[in-house]
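Shown below is the structure under consideration.
First chain written, first letter: the chains are A, B, C and D, and each begins at residue 1.
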Amino acid sequence: MIHVALVREPIDITRLIGRVASHQIGAIAAFLGTVRDVNEGRPVTGIEYSAYEEMAERELLAIAGEASRHSDVPCAVAIEHRLGELSLGDVSVAIVVSHPHRAAALHGCQYVIEELKVRVPIWKREHYADGTRAWVDNRGTHVTSEVIG
Amino acid sequence: MIHVALVREPIDITRLIGRVASHQIGAIAAFLGTVRDVNEGRPVTGIEYSAYEEMAERELLAIAGEASRHSDVPCAVAIEHRLGELSLGDVSVAIVVSHPHRAAALHGCQYVIEELKVRVPIWKREHYADGTRAWVDNRGTHVTSEVIG
Amino acid sequence: MRVALHLFASYADALGTRSLDVSLPDNAIVRDALEYVRALPGAQSLPPQPLVAVNAEYAPLDRPLKQGDEVALIPPVAGG
Amino acid sequence: MRVALHLFASYADALGTRSLDVSLPDNAIVRDALEYVRALPGAQSLPPQPLVAVNAEYAPLDRPLKQGDEVALIPPVAGG
């Protein structure tokens, strides 16, 4: 079972867990990314996520497939990434991986988040308490900074 | 924030996530153990969990504290383990760990499940499709096997 | 002194009880409580050196006991 | 040939557009599409060698292009 989606509504974690659950599995590992109120010392008020959607879905599917195949018995993998305007505390990404055994589930989940962070064409613009905003990437670079008009 | 509990009702994952969520964290790692329909080739129909409750809670608190202190900024850790009669697919344990950064959350979550499996005085008796049952431990030993009267 | 002895899971099944109130010499240590258990009917199925907890904490064999201690034999654990 | 050029996030901001329909020589490769973008106003803020995708897959600079390809410049990603 592999499920990936880019979504504009809040991610339903319980439903995502339901997608990978079955009587054949004994372990579910999950990772959630959430919007934090500070980044590199700057107070953040919100984040705007955008994507090259067709390619992002394709990369997410590829990563889920790779994670699934790390073990003899395939993992079930469900990934949802949110797009649009997110507020503090909102879940931006949810990854849920199940397997008969815990080591494979934990490994698969970690594999997905690490690969997602470097390969999937999703971008974020942080909004700061001082009214500015900036594109920030996963290497910690502030690409541009501008005052909102 | 540290929360540990032994519970006799289904574990509410959403509420557990809510316990570790805040605007200060950016990552939540979770692990769920579920009842699987087979163990070492034998068809399983259910599992009965019991504990030395006072000691199990104390060990869970100790493990949560250790996981929390692995990083400079403490993790928030919530652990619930279910006791009593569980059916196939039921969640037996839920571990949820949050932190500003993902590496600490993932590491904390894995630390808790590995330590829990070796230190916490909880026991399980598997019930099999052929009407027998056996105490099984985390080293894979079937301690005793008996036909239910 | 008197101590409370607690048995769980497969050990409770083997010995047919979950709790015993036992009398031990005043200078008794954990090993003495274990020897007491070993002499009980059914104890032959216990492993040579089971884990022991005193007052809900793992304890070594040479730990001194005192009046009122809660001594528990801990079968191999299976949480998760 | 004509290809569609897609820009995202900070690159779209820098060039003031998200999509361009461009004409390239028939034997053009990814590098030629990049050179085209570099000559546009605002392109000086792009990195020396941005990642490129062709038809939604990462592609090397020497990949040949064909009529109708979707060429995308991929800014440093930030998912998660």
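Quick note on the criterion: contacts are C-beta pairs under 8 Å (C-beta built on N, C-alpha and C of every residue); 3 or more make two chains touch, one makes a residue touch a chain.
Given the structure is predicted, the values throughout are model-derived calculations rather than measurements.
Enquirer: Along the graph of touching chains, what's the shortest path length in steps from chain A to chain D?
Expert: The fewest steps needed to get from chain A to chain D is 1.
Enquirer: With centres defined as the mean of C-alpha atoms, identify the chain lying farthest from chain A.
Expert: That would be chain C.
Enquirer: Quick one: report the Å distance separating chain B from chain C, using the average Cα coordinate of each chain.
Expert: Here chain B and chain C have centroids separated by 25 Å.
Enquirer: Return the distance between the CA-based centres of chain A and chain C, expressed in whole Å.
Expert: One centre to the other, that is 49 Å.
Enquirer: Residues of chain A that touch two or more other chains: which are they?
Expert: Each of 33, 102, 113 in chain A touches at least two other chains.
Enquirer: Tell me, which residues of chain D touch at least two other chains?
Expert: If we look for residues of chain D contacting two or more partner chains, we find 80.
Enquirer: Going by the touch rule stated at the top, which chains touch which?
Expert: By the stated definition, chains touch in these pairs: A-B, A-D, B-C.
Enquirer: Which chain B residues qualify as touching chain C in the complex?
Expert: 33, 49-52, 54-56, 58, 81, 92-93, 113, 116-125, 135-139, 141, 143-144
Enquirer: Residues of chain C touching chain B in their complex?
Expert: So the residues of chain C in touch with chain B come to 6, 8-10, 13-14, 45, 53, 56-57, 72, 74-80.
Enquirer: Which chain B residues qualify as touching chain A in the complex?
Expert: 13-14, 17, 21-38, 88-89, 100, 102, 105-106, 109-110, 113
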